[in-house]
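As written, the chains take the letters A, B, C, D and E, and residue 1 is the first residue of each chain.
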Amino acid sequence: MSVMLLIEQALNGLQYGVMLFLMAAGLTLVFGVMGLINLAHGSLFMVGAFACAAVAGATGSFWLGLAASLAAAAAAGALVELTVIRRLYARDHLDQVLATFALILVFSEGTRWLFGSFPLYLDIPDALAGPVTLPGGIDYPLYRLVLIGIGLAIAGALFWLIGRTRLGIRIRAGEADREMIAALGVDISKLYTIVFALGAALAGLAGALVGALQSVQVGMGEPVLILAFVVIVIGGIGSIKGALVGAILVGLTDTLGRFLLPILFSTFMETSAATSVGAALASMLIYILMAGVLVVRPGGLYGRA
Amino acid sequence: EPLKVGMITTLSGGGASLGIDTRDGFMLAVKQAGNPDLEVVIEDDQRKPDVAVQLADKMIQSDKVDVLTGIVWSNLAMAVVPAATAQGKFYLSTNAAPSQLAGKGCNPNYFSVSYQNDNLHEAAGAYAAKAGITRAFIMAPNYPAGQDSLAGFKRFYEGEVVGEVYTQLGQTDYAGEIAQIRASGADGVFIFLPGGMGISFVKQYADSGVGLPLIGPAFSFEQTIIQAMGDAALGVLNGANWSPDLDNAANTAFVEGFAAEYGRLPSVYASYGYDTANLLLSAMAKADVKDADAFRAALRAADFDSVRGDFAFSPSQHPVQDLYVREVVRDGDILTNRIVGTAIEDRSHAYEDACKM
Amino acid sequence: MTPLLEMRGVTAFYGHSQALFGVDLDMAEGEVVALMGRNGMGKTTTIRALTRLIPHRAGAIRFAGQTLDGMPAHRAARLGLGLVPEGRRAFRGLTVTENLIAAARPGAWDLARVHALFPRLAERAGQDAGSLSGGEQQMLVIGRALMTNPRLLILDEATEGLAPLIRGEIWDAIRALKSETGLSILVVDKSLKELARVADRAVILEKGRTAWAGPMADMTQDLADRYLGV
Amino acid sequence: MGREGVLNWVVALALLAVPLAAHALDEPFIVTLATKVAILALAGVGLNIALGLGGMVSLGHAAFFGIGGYAMAVLAAPVQAYEPLMTWPVELPGTKSMPVIWLAATLAGGLAALAIGALSLRTSGVYFIMITLAFGQMLYYFAISWPAYGGEDGISIYVRNGFPGLNTLDPIQFCALAYGVLMAALLFSRMLARSCFGLALSGARQNPARSAALGIRPYSVKLTAFVISGAITGLAGALFADLNRFVSPAMLSWQTSGEIMVFVILGGVARLFGPVAGAALFILLEHLLGGVSDYWKLFLGLALLGIVLFARGGLIGTLAGREVAHD
Amino acid sequence: MTEPVLDVRNLQLSFGALKATDGVSLTLRPGEIHALIGPNGAGKSTLIGLIAGTLTPDAGQVFLSGRDVTGTDVVARARAGLARSFQVSAVAGELTVLQNVVLAVQGARGQSFRFFRPALGQADLCEAAEAHIARVGLSDRRAVQAGDLAHGERRRLELAMALALCPRAFVLDEPMAGMGPDGAREMTALLDDLRHEAPILLVEHDMDAVFALADRVSVLVSGRVIASGTVAEIRADAEVQRAYLGEEMLE
């Protein structure tokens, strides 16, 4: 194991983390800021990916696809908020879990109905394809570098939006006491529709960006959803900063764990068994990380609870 | 006397495309035969073992089927097959054929029409040397089928294994593994990553610029998914027992018939479904299913025109067949597979001796 | 005087149990009205119906020339209802300043003016409102209501839990608001003495009904004994 | 007896009458379905103790369900392979006796709940939901990738385990058994809810700070309830595995947790018969819609949405109205 | 002189740079009402938290009946005989008044881990609870859910729950808050009566009540006790007037 490989893996972990952040950011907005558990956030991720794949396939332009993914996911988010989510704010988390669980079914099967059961084609735009050589001689895919950049930029923008703007303050006030903020003259419903659509758009964007690297298929959102939950819980719900730190922590832990654990085990076990045991442990690692963080800090790293 | 078949397959959720192709292949043969005595009940197992078990119960208890078929996934097959055969029903596998059912757990009422799970990995392993791979990096998800696949590959592979990695089931990001491949000094890569995992890997692998030859079993490079990989899949080798360009009359009729009926190219799953239905029809013509021994003998004779050409059952009732290696090519607008060579001839499987039957 | 607020025969329910049985309440522009009654007689419920936090089932509410029937809370608030709710509902998780900003609408009241009224809020500007002392929170929510620049300030037990000194300051502030800005104020409080000094008129609720309404000066000891238990 | 009481009787009798009628009409599959409803309802009864009474929204109850299932398979599988369960430190045979297996599954579920609950209860609210989910996922991945017990393939036992005096392979007899266990659990749950412990749990849910100030440790009360809840769900897992004669990691997946929770919410949280009504409705929907189209889950989703939006308080809540305060 | 029931010695607690409790010592003797007054934010609720065990001091000790309870938690202190009420009413809103008080009774008796008999079927529990409810005058509201009570009634329920603990000492955070004049009067009478059961540490801004009830008054300003003494002494204390009472109380 060379140092260069370790650095490259760390970079991979960072990139994976930033990718998770794109998903977790939207979720933490909706989930933390609006106090709503949205299990269907993964479906919006899928909507983004499918919209991008469909439009990119029809027009040949990834960038048009990307725009379409934002539009489609935001529209789907707004629609869902207006028809379903809006009735759930006053309910407890349980009803939210059930309703958004049902939404997953609706979205998944609806998408399958529209697009069929076969995965769609979506590839990285030519301008960003292929590797670039980094200082130190690491060949690293350009697209992944761009993803890191986009993720960090969005983190900054969200941080500013929620922490610094009046819009952000009002959103958080609404989370603390929805009735009171309404009594102060803020149209919280409209605000929430906008926020939900924004969160959806972020998920859709993540879906499109990630879809170029992965398989665009029905159900693609659920594994990411669980990971995104893990991320924001580690980071502390409602905290954009927490989501970023949590995502990067999860990305690094997962990538480095998958890489290092089998090596670690092979120092005292037979290789084949070591890879299998190492991989088994690696697959549980982020959950162990999450449990560990919550046991020490029940409100997550940057949480208020 | 009509014969009732219960098809349990995955028609909803993430793995639906495989079940849909299985069903469509099967039903194409049924339609072509037009035999009014064959009745088919189809149900969706949602890829959940417990649902599959309950559907099997329902088909046996309420629908009173004689034959079960259609399961795509090994874990579902393990849940359904032993109980079904124990109740005297026939099970014809259109895909999943785990080693447990091939060896110690073989059963006179269980037939695998497709293969034994290891076959296609063995084909890849046997062919790797011919493709110039002497230092292989091998990779599969960490679950029983994945572990079997690496074992299957190694069974016939003669070169050195420079890296062996188990990934997580359902993993979508392979940057870490690709970095390991790059650093391993391998000259070829074997992967078994079914479904979306394969798509993700192949796209990321192509973008990484590593560029080593890639080989795998047919599942990862099947008609149902290579479109989604795009040009990234071009040139990938894969072990198979069937290919759309396989040159025999039955196959030509099947590929054309399937395209005409459903407007798309068939996958291996469709071909297995099609063969299974034809096998069943051939046995129906010879014996009544109520006479289990006669019907079993009729099945064993495998007296039908397989799309794979010559087809016979081994003593454990798995196919004895030629295994090929295919390459993903572009044919006009679409991607498809072409046979590039034969990997192993007349292969049965590794667990034959364990089967006491 | 132009009528600012008219409530007529308002009834309201919590689930199946009725809390208001017919409340009448009138206010003119610039008036300070004390809403009085024993515990549980419906003062808070009346205010909640007025600010549209619960719907009323019968009766009519008009404010600033518009009917509030069926209007959502935020629109009613924008007409100029500034609420200081019972039980100090500062926004936890937001800083003191953010609490004030969240409510801000353009007008004479701004951060500086609220800070001048309650210097403590300036000292605690960056602190999480949830960790303020009870009295500090009370100042905060009064400041917050002022930040909306209301036409009608509604104070539901705004001096509850305040130290006498601070309470005195708040009453001074209320009096100042009355005399200097001519703001209309609807006030619920248990200190009869203070109410008598500031209010122009009183409305007394008894079991969810308006039992008596009239000029503060007409409030006799007899009435107070009967309806307020003083 | 209030409206809810009448409703409970109706549900209980229907769950008894349907399989009996199906048995008489020789429709064994319907008997199997009713058995499935009873067993899943049992899992829901377990969850309802944590969720409804204790306010602990656990999205990881599949862990206990699966552990119960695996307890069954681990005990029963050696018998069919003619091997001992373990040879060290003492030689212990496996068993195919349901009562023994139930005991083991209950204990295993309870112990797992003790471990998971002890850590998870340090958090609350959304964090609790997520940390229980995380523990569930941890076990899921463990079960998939650990080769010893079949990995993703799971374990099949070919013959259902035995219960003294009954032929468990007969669908109606097994159904009766499952029904009996469910009713016993419901009785227990009702007793629990009304007991001092139930009151303490209710207090701990609504106002933990106040409970502590009354000398009642909310943590201990909740943990105890969580353990009882996990134990009952573990028992349900063992029965479910026996119904299918098969266990696999799918029992541990988060979708399973979600479904158990759906039963409870659908039927009515904190309602005694909520899980029963919910499980019955869900299975009914699944089987009615399953035949309609390839996209039946779309309709299932829409149906669930409709219920959660318009039938507040679940089925029982909607039909029985607001809970009346006890005496 | 009798040994104090509650003895607080030199408690300190800082929130960051803010010294919320800055070396507070005070005692509560049998039979007395010791009022703790002070401006908003002086640290009264914080001190109560430290006494009740929800907050852990940076330094100092708390003794209950001569026993050092500093290292123990809320539950242990409640069992040792400390009954507190909360500044913001804290009751189980979905339980009835009776259930709330039964809960308190069973908590005091350590009967919360009884799984079998119905709680409301146990005569001894219910009778004790009813007695406490009657004492605070909520008998006709006993079957009402606590969440549906009006504010003043909820404060009384709080007190009934504290009573049910049969404590050695009461620590009450603004029990009069939000009560109308008659309610406050009743509450004053009730507290006056209560002191014979156990002494009361009373945090209150209602000066009428404080002056009527308190045997001793301590004044907390910025986390420090600036004065302590009888009502008369405190009223006359110039510093207290400036810091807390204001001009008005001089009348």
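By definition in this document, contacts are C-beta pairs under 8 Å (C-beta built on N, C-alpha and C of every residue); 3 or more make two chains touch, one makes a residue touch a chain.
As the structure is a computational prediction, the values presented were derived from the model and not from experiment.
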item	value
Minimal step count in the chain contact network, subunit A to subunit C	1
Distance-maximising chain from subunit C - centres being C-alpha averages	B
Between subunit A and subunit E, centroid-to-centroid distance (C-alpha), Å	48
Centroid distance [mean C-alpha coordinates] between subunit C and subunit B, Å	74
Separation of subunit A from subunit D, taking each centre as the mean of its C-alpha atoms, in whole Å	31
Separation of mean Cα positions, subunit D and subunit B [Å, integer]	36
Where subunit A touches two or more other chains, by residue	108-109, 112, 276, 279-280, 283
Pairwise chain contacts, counting only pairs that touch as defined	A-B, A-C, A-D, B-D, C-E, D-E
Residues of subunit B touching subunit A in the complex	12-14, 16-17, 20, 142, 147, 164-170, 172-173, 175-177, 179-180, 182-183, 195-200, 203-204, 207-209, 224-225, 227-232
Residue ranges of subunit E in contact with subunit D within the complex	52, 54, 73-75, 78-79, 83-84, 86, 90-96, 99-100, 102-104, 106-108, 110-122, 125, 143, 145, 161, 164-165
Residues of subunit C touching subunit A in the complex	51-53, 72-75, 77-78, 81-83, 85, 89, 91-94, 98-99, 101-105, 128, 144-145, 148
Subunit C-facing residues of subunit A, complex	166, 169-170, 172-173, 175-177, 179-189, 238, 304
Residue ranges of subunit A in contact with subunit D within the complex	31, 37, 39, 84, 87, 91, 93-95, 97-99, 101-106, 108-110, 112-113, 226, 229-230, 233, 237, 276, 279-280, 283-284, 287-288, 290-291, 294-295, 298-300, 303, 305
